[in-house]
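Just so it is clear, A, B, C and D label the chains in written order, and each chain counts residues from 1 on its own.
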Amino acid sequence: MVTAFDYVPAIVLLPFVSFVVALFIGKQLPKKGAYGGIAATAGSLLLSLWVLASVAGGGAHQETYWTWAEGVGSQPFTLEFGALIDPLSALMLVIVTLIATLVHVFSLGYMNDEGERDLPRYYAGLGLFTASMLGFVIADNLLMAFMFFELVGLCSFLLIGFHFREPGPPSAAKKAFLVTRFGDYFLLVGVVAVFATFGTAAFAGAESFPALAEGALDGTVDVWTPGGLDTMTWFTVVGLLVLGGVIGKSAQFPLHTWLPDAMEGPTPVSALIHAATMVAAGVYLVARMYGFYALTPTTLGIIALVGGFTALFAATMGLVKEELKQVLAYSTISQYGYMMLALGSGGYVAAVFHLTTHAFFKALLFLGAGSVIIAMHHNENMWDMGGLKNKMPVTYWTFLAGSLALAGIFPFAGFWSKDEILYEALIHAGSEPLLFAGYAMGLLAVPVTAFYTFRMVFLTFHGNARSEIARNPEPVRWNVKGPLSVLGALAVVTGGINMVPVQKVLGIEGIDYLHLWLDNHWGGIEGLSSHHYAEIDPYSSTYPFGTEVATVLAGAAISLALAVAGLLLAWKLYNVAEPVEHTDKLGGAKTLLYNNYYQDEFQVWLADRTRGVSGGADTFDQGVVDGVVNGVSSVSLFGGDRIKRIQTGVVGNYALLLTVSLTALLVVFALLGGWF
Amino acid sequence: MSLLQIEPTSWLFALSSLGPTVVLVLSALAVLAIDSLSPDARSNTRLAATAAAGTLIALGITVWYLLAGTGQPATGGAISLFSGAIVVDGMGLFFTAIFTSVAALVVVASYDYLEDDANPAAFYSLLLFATTAMSLMAVANSLATVFISLEMASLPSYALVAYLKTNRGSVEAGLKYFLIGAVSAAVFAFGISLVYAATGSLLLPDIATAIGDVTDLAGILGVGILMVAGGFLFKTASVPFHFWAPEAYEGAPAPVSAFLSSASKAAGFAVAFRVFAEAFMPALDVAVDWGLLFGILAVVTMVLGNFAAATQTNVKRMLAYSSIGHAGYALIGLAAVTAGAGANNATVMGAAMAHLLVYGFMNTGAFLFIAMIERWGVGRTFEDYAGIGRKAPMASMAMAVFMFSLAGLPLFGGFFSKYFLFLGAINAGFWWLAAVGAVTSALSLYYYSRVVKALWLEEPTGNLDALDSKPTGLYAAVIVAGVITVLLLPGFGPVIETAEAAAAAVFA
Amino acid sequence: MVPVEYYLLLSSGLFCIGLFGILTRRNALYFLMSVELMLNAANINLVAFSFYWGNLTGQTFALFAIALAAAEVAVGIGIILALYRNFGDVDVMQAATMRW
Amino acid sequence: MIIEALLAFTFAAALLVFAVPNRYAHKLAFGLSLVPIVGSLYMWSAFEAGGNALTGGQIAFETVAPWLEVAGYQLQWYVGVDGISLPLVVLTTFLTALAIMSAWTPIDDRQSQFYGLMLLMEANLIGVFTALDFFLWFVFWEAVLVPMYFLIGVWGGPRRKYAAIKFFVYTNIASLVMFIAFMALVFSLPVDSFGLPEITQSLAAGELTAFYGLPAETLALVVFAAMFVGFAVKVPVVPVHTWLPDAHVEAPTPASVMLAGVLLKMGTYALLRFNFTMLPEQASAFAIPIGIIAVVSVIYGAMLALAQTDLKRIVAYSSVSSMGYVILGLIAFTEFGMGGATFQMVAHGLISGLMFMAVGVIYNATHTRIVDDMSGLADRMPVAVWILVAGAFAYMGLPLMAGFAGEFFIFVGSFGSTALPYAPVFTALAMFGIVIVAGYLLLAMQRTLFGPFRLETDYELTRAPMHDIAPLVALLGAIVLLGVAPSLFFDMILDATVPILELGGGL
């Protein structure tokens, strides 16, 4: 019988085919490969929905497609490609394919209609990007995940640097790849360590590495550790190594610096990167192997701390940005910080929830921004905008929906997911002080987020137009408005998939669909359920506001109040006809924020130092290492030059030397032989 | 007991046993006869053909004898002639093959070299007489025949070096060669007289027997042996009797340089091997550890030759020094000989013999290439050689083969011969000789590759129009030498086996 | 009867005189003569020890040596002639164009 | 007899090409070079042997014939392949044909000699990888150097003579060191031939005796060290690498391709065959120094690459870096380590070949390789540039390309190694190379290929011609193929490397 699962490879391969098609015959195609891309991603979307339905129907699937390499003797590692279709990956497949499809459609408006050149390369890049991400999502083992993770990085390089004729994009692309590569280095060490430790990198099953790790901690399984290290310590190290890759890809502090620069890429690409693919990959990876992370409290604590810190840190930088996409970029970093906080706090479902809602509203915001950019003839400076509300209502309303979601205003999608994250952090903070720090920072980031979001909204859409272009913006077409509408709707309603607070407060059972979904309620794979994770994670719940319901309500109230406060401040400052910059009021902090806490400078300084060291190494190499080589040859030749001087050319000297040598030999051998 | 021990010898048998020598003498005389009969004719072609035929026939006979087993254990062992003053055996034939091959190449090459010469007959006859003497050196079994044949080989050589009477370089070279040669001959003769004084015989086997009885004359014997060694060192251009070599090879006509550095050197080793192996083996324990002597000299010779060659600007002089260096390698064949280790001695000496054979081809080829350049009148320094590979690819390729083979790259015959030499040395416990040999070989690669670099890598600087003429004889000789050098790698088996068998027979 | 050691001393002395001559004389002809002295030192030994050992080998060889010495001089004189023509002198130190 | 046929054909092809006029040489040489590919592919398809040729496994296409005998040792004509050598033979034939093709544009002088030398080198390389008698192997080993010497010296850049001589003398001295060491080893074994299997098995049986007062254990250590040094020069690893950048920079593109693609692999191949197969215990005794050499080669080589401004020099130093991985894989003495190292030889051969070729294509067009002299080339020669980008990513170890497979196998193999103390630390340190390699390649690409178009030299830039692009595409295809399906080679490699581990007593 043919099931949806038979078509899982097709989900990945369709966009790949579109990549190949666009690459080789894109020039000959109408719209330079766009239709192919749309068809492929839409096809993938349909198949993903079918898969989702099948999973909902009680199915789950794991299959190996291709054995990449296989050990035979003492290292019997099996390196293979396979699919792991469980509730998590099925959900993620839908998200990715949906966003990808919409981005493709939007690109018709943003790229084709704008007369960009090299479109086949663009669509090829999109196709490959989507395919890589989908491959990553279905990966059934860490190695495969890593491989597609890297391909995602490659695609981000290609797409961020799409406008390679300008100086900025190639530089940004390089930075994106390099910084994430730095994180991936740790991930790769982690992958290798996982293989060395467990002999497998499978995510699921009794012989998967999370299961083996659990067994090892229980003392039922023997695993290798380097130098006889304690298993817990070693697992923590491995977890942190893998986390390195996550921090890089998900743009967490301190490897977040590539992401704002990545705004050099075309806006639809930004949407894809930020909402559903590259940045999401990091968080998804942690969720994918959550069974492993849940075992090591230290790792979880660090994840939470990094997440909370990043959420706040990035949000503050978003406060002062003048360019639309820059604000969105920092908001992305910040939002992924929340997801990390959730994961670190044991809020596996909360993280996936936020991943989902964020995918929709961030894609929406980026596409909306893209729409504005089209209108503004690629001027992104918000101070040149203003008053676009009436000129482009579809964009405005959808953008507003997205902004409300981002700011976490009830009842938009973002509110629900962010609230659940903070709630999880709060109730678990009792057992882990790091969580409390994470929670505090996450909470502080809420008003900041609301403020910068609405500063952006007001500056862009409200007030009077501040430039000629803003007064006569270019109209956008269906292919822009369509995706915006779809996403706008989703941004409003997605919160509905996981009404945990409502369930808890009102006691209505069964509306926490996502919880049920991820808990294998309808089906899934043993050991990959949120339930299982909750069992093995080190946290116990405490309710600082007395009962559970009280805590839920109080937590939600606090975060909502803070968000509203931020919104109102933005309203007050920027929802005026002629807004002015208020950033000067920040004093010294302004420069700090403008310069992103000098993170870039620090990394540039690091890079310069590295180049300095490499220059020194080069000098050393040329001077000393090679100098010795040349020195040996020079000394030999000099020696030869000296030796040949005994051949003076005067035959009398020869006779003399000959006699002297012969006499010397006679004397030596006379002494040796004892002749006389 | 009669004063002279005479055994009756069948002259016919003697002549046939010495077939190569006889052929060489006859061809030398034939050359003189042709010249005398028609003194005014430009008979270069005829003379060259005669000389070439003589050397080739001699070579043919030698090879035939070698294959047929004449004088070798297979047919009853060494043939002793003239009361043991001459012994025809495998070793003698092996070396004769070297001399005649080299002579044949040189004769063929000289045909072009002497095209404008007024009196080529003198050249050919001197060459043939020298070769004759060398073939006698290879079979000399008495210090008397050794001395006489050695001098017989030297005297025409002096004349050949100084052959270009009006060329200051040639005359200077001849003078230096002659003067050092004369001194060395005197030292040699004095050494022989001392050996005779100590042992009372000049026949090599008798000397070996007598050495056991030498008691209070051990010192005399020791001095004598050292001085005899001096005579051989001169002939082989080894330190400290090498001083003539750089100048003689540089100044002499290039074919003569080829002849001297290949055949004459081999001849020196031929007698040295025989004399020391047959006569002086017992002296190792009694009078003088000549193994150590040759060891020291081998090291010094290898080092001096190779280091001095490294910075030369004149290609011919570089080759001259390299020739000294190769004498050092061949000396290992004597140095690694130890008393009572017959098989090992045969291995190492056989390797040295094989090396001399390979060296005969590659070194002759190299000098003949220089003869070709001299014929073209391009110049003598590395700079002058720049870009010749473009105009004369075949010859330059052959030269590259010679250079790499001389350096001991394992592509050509030169590798195996050098390798087996070192192998023999290591087997005999003289690993330090092999080590010095290896280090100097590494250095030699540098200066040999300079020639290749000049020929192939450099762009022509001067006018190379002269290269349009193609001297057939020179080309033929160079190419033949090159082909043989290449073939000696896969075909090294018979050579080394013959050489070791011959050496083993001497030590037996 | 004169002990053989005396002959050895005589010949060694002669040899050294010849050697000394070679080392000190610049004239090619003196050089040749010095070589002759050295060769004759060898001949003295050969003859003396031929007598000592009671065989004729040494004496016969001495005859050959004398003949060769003559031949050597002949070649030598020829080369010295050429030297004189080219360098205008018979000073062996003059011919030093090739060195190192 | 297929190996003999392959060798004979290639030698004959070389001679033929030497003889034809210059204007026909290229096409003829390319046509002729396709035949060895067919031959090697046939060998691949017919390959059925199992195990390691040296440790007593089956040897495919084996032929033995006596050559000459001396001092009690039999020298043989002894050829055959196993899972280690076959991939390298395939690599050689494949890369030679492509290198010949890529020579079309840059080689415009003395073509017949050039192509003749290329084919001559190919023949000798095949010989290196198939010879199983030490002497035969050594002859081929050294014979490879001569054509390369000429290729660099005659057709190279401005400092070609210096580079050629340096390459030639340096590597030859190294060979000499190795040769002497190996001789000392053989002389201390009760063997009567130089057949590598016989020597290996005799060593494994513990038959090594003392050598002139040097106890067997010490001798083995000394020999190991000397051979390691000898081969290390060829690989090359820090600190004996300095001939490489000079040679690469001066070499014409096809020669660079061969040098980086195949010649460097001779060193690692020999290390694997000799040091690590024959003397495993000594290898583990030297594990820490070798590990340090590997890591330093990776990091230091990469740092040097970062400092360069000449594209070719960058790629050259990166070869030093990549070869460090191979050393790490070898010293790890694990299945994946050794197998990965062998795989990496092939992978790096293809990738560095691609990189040098692509840089060559750019040089053909711009006549400069200096990073500062150009920018934005992607605008003018898109296909070549994007293939170069693909190659660069392959070099960085992008998954699904061959380089990643090799590197990952090495890493996964060496991380848990027991033969190498502190293996995780060494591995992790070496792995940092993947960051630096990304750094310098991306930096160079950004500056040269992207940004606004600018060129300092006076050349009209046009799209690269088809015959320049075709070999790049072929290489890229091969790289991806091996990246997706490494087991094409990896299975047979493991087949041949696992016995080494068993021989080493499960180190």
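Methods note: a residue touches a chain if its C-beta (ideal position, glycine included) is under 8 Å from a C-beta of that chain, and two chains touch if they have at least 3 such contacts.
Everything numeric here is computed off the predicted structure, so don't read it as measured data.
**Q** Which chain has its Cα centroid closest to the overall Cα centroid?
**A** D
**Q** Round to the nearest whole Å and give the separation of the Cα centres of chain A and chain D.
**A** 36
**Q** Could you put a whole-Å number on the gap between the CA centroids of chain B and chain C?
**A** 25
**Q** Quick check: how many Å separate the C-alpha centres of chain A and chain B?
**A** Roughly 78 Å separates the two chain centres.
**Q** Centroid from C-alpha atoms only, then distance chain C to chain D, rounded to Å. What do you get?
**A** Comparing mean C-alpha positions, chain D is 64 Å from chain C.
**Q** Identify all positions of chain C at which a residue touches two or more other chains, and write them in rising order.
**A** Expected reply: 19, 22, 92, 95-100.
**Q** Which residues belonging to chain A are in contact with no fewer than two other chains?
**A** 633, 644, 647, 649, 651, 655
**Q** Can you pull out the residues of chain B that are in contact with at least two other chains?
**A** Answer for chain B, listing residues that touch two or more other chains: 175-176, 179, 183, 187, 246-247, 308, 312, 446.
**Q** By the document's touch rule, what are all the touching chain pairs in this structure?
**A** A-B, A-C, A-D, B-C, B-D
**Q** State the interface residues of chain A toward chain B in the complex, per the touch definition above.
**A** 633, 636-637, 639-641, 643-644, 647, 649, 651, 654-655, 657-658, 661-662, 665-666, 669-670, 672-673, 675-676
**Q** Which of the residues in chain C come into contact with chain A in the complex?
**A** 19, 22-23, 26, 92-93, 95-100
**Q** Quick check: in the complex, which residue numbers of chain D touch chain B?
**A** 67-71, 110, 113, 135, 138-139, 141-143, 145-146, 149-150, 153-154, 160-161, 164-165, 168-169, 172-173, 176, 180, 183-184, 187, 212
**Q** Please give the residue numbers of chain A that touch chain D in the complex, ascending.
**A** Those in contact with chain D are residues 67-75, 77, 79, 143, 146-148, 150-151, 154, 157, 161, 164-167, 169-171, 173-174, 177-178, 181-182, 184-185, 188-189, 191-193, 195-197, 224, 226-227, 607, 610-611, 613-615, 617-618, 621, 625-626, 629, 633.
**Q** Can you tell me which positions in chain B touch chain C when the two form their complex?
**A** 3-5, 143-144, 147-148, 151, 155, 158-159, 162, 165-169, 171-176, 178-179, 182-183, 185-187, 189-190, 192-194, 196-197, 200-202, 220, 246-247, 250-251, 308, 312, 317
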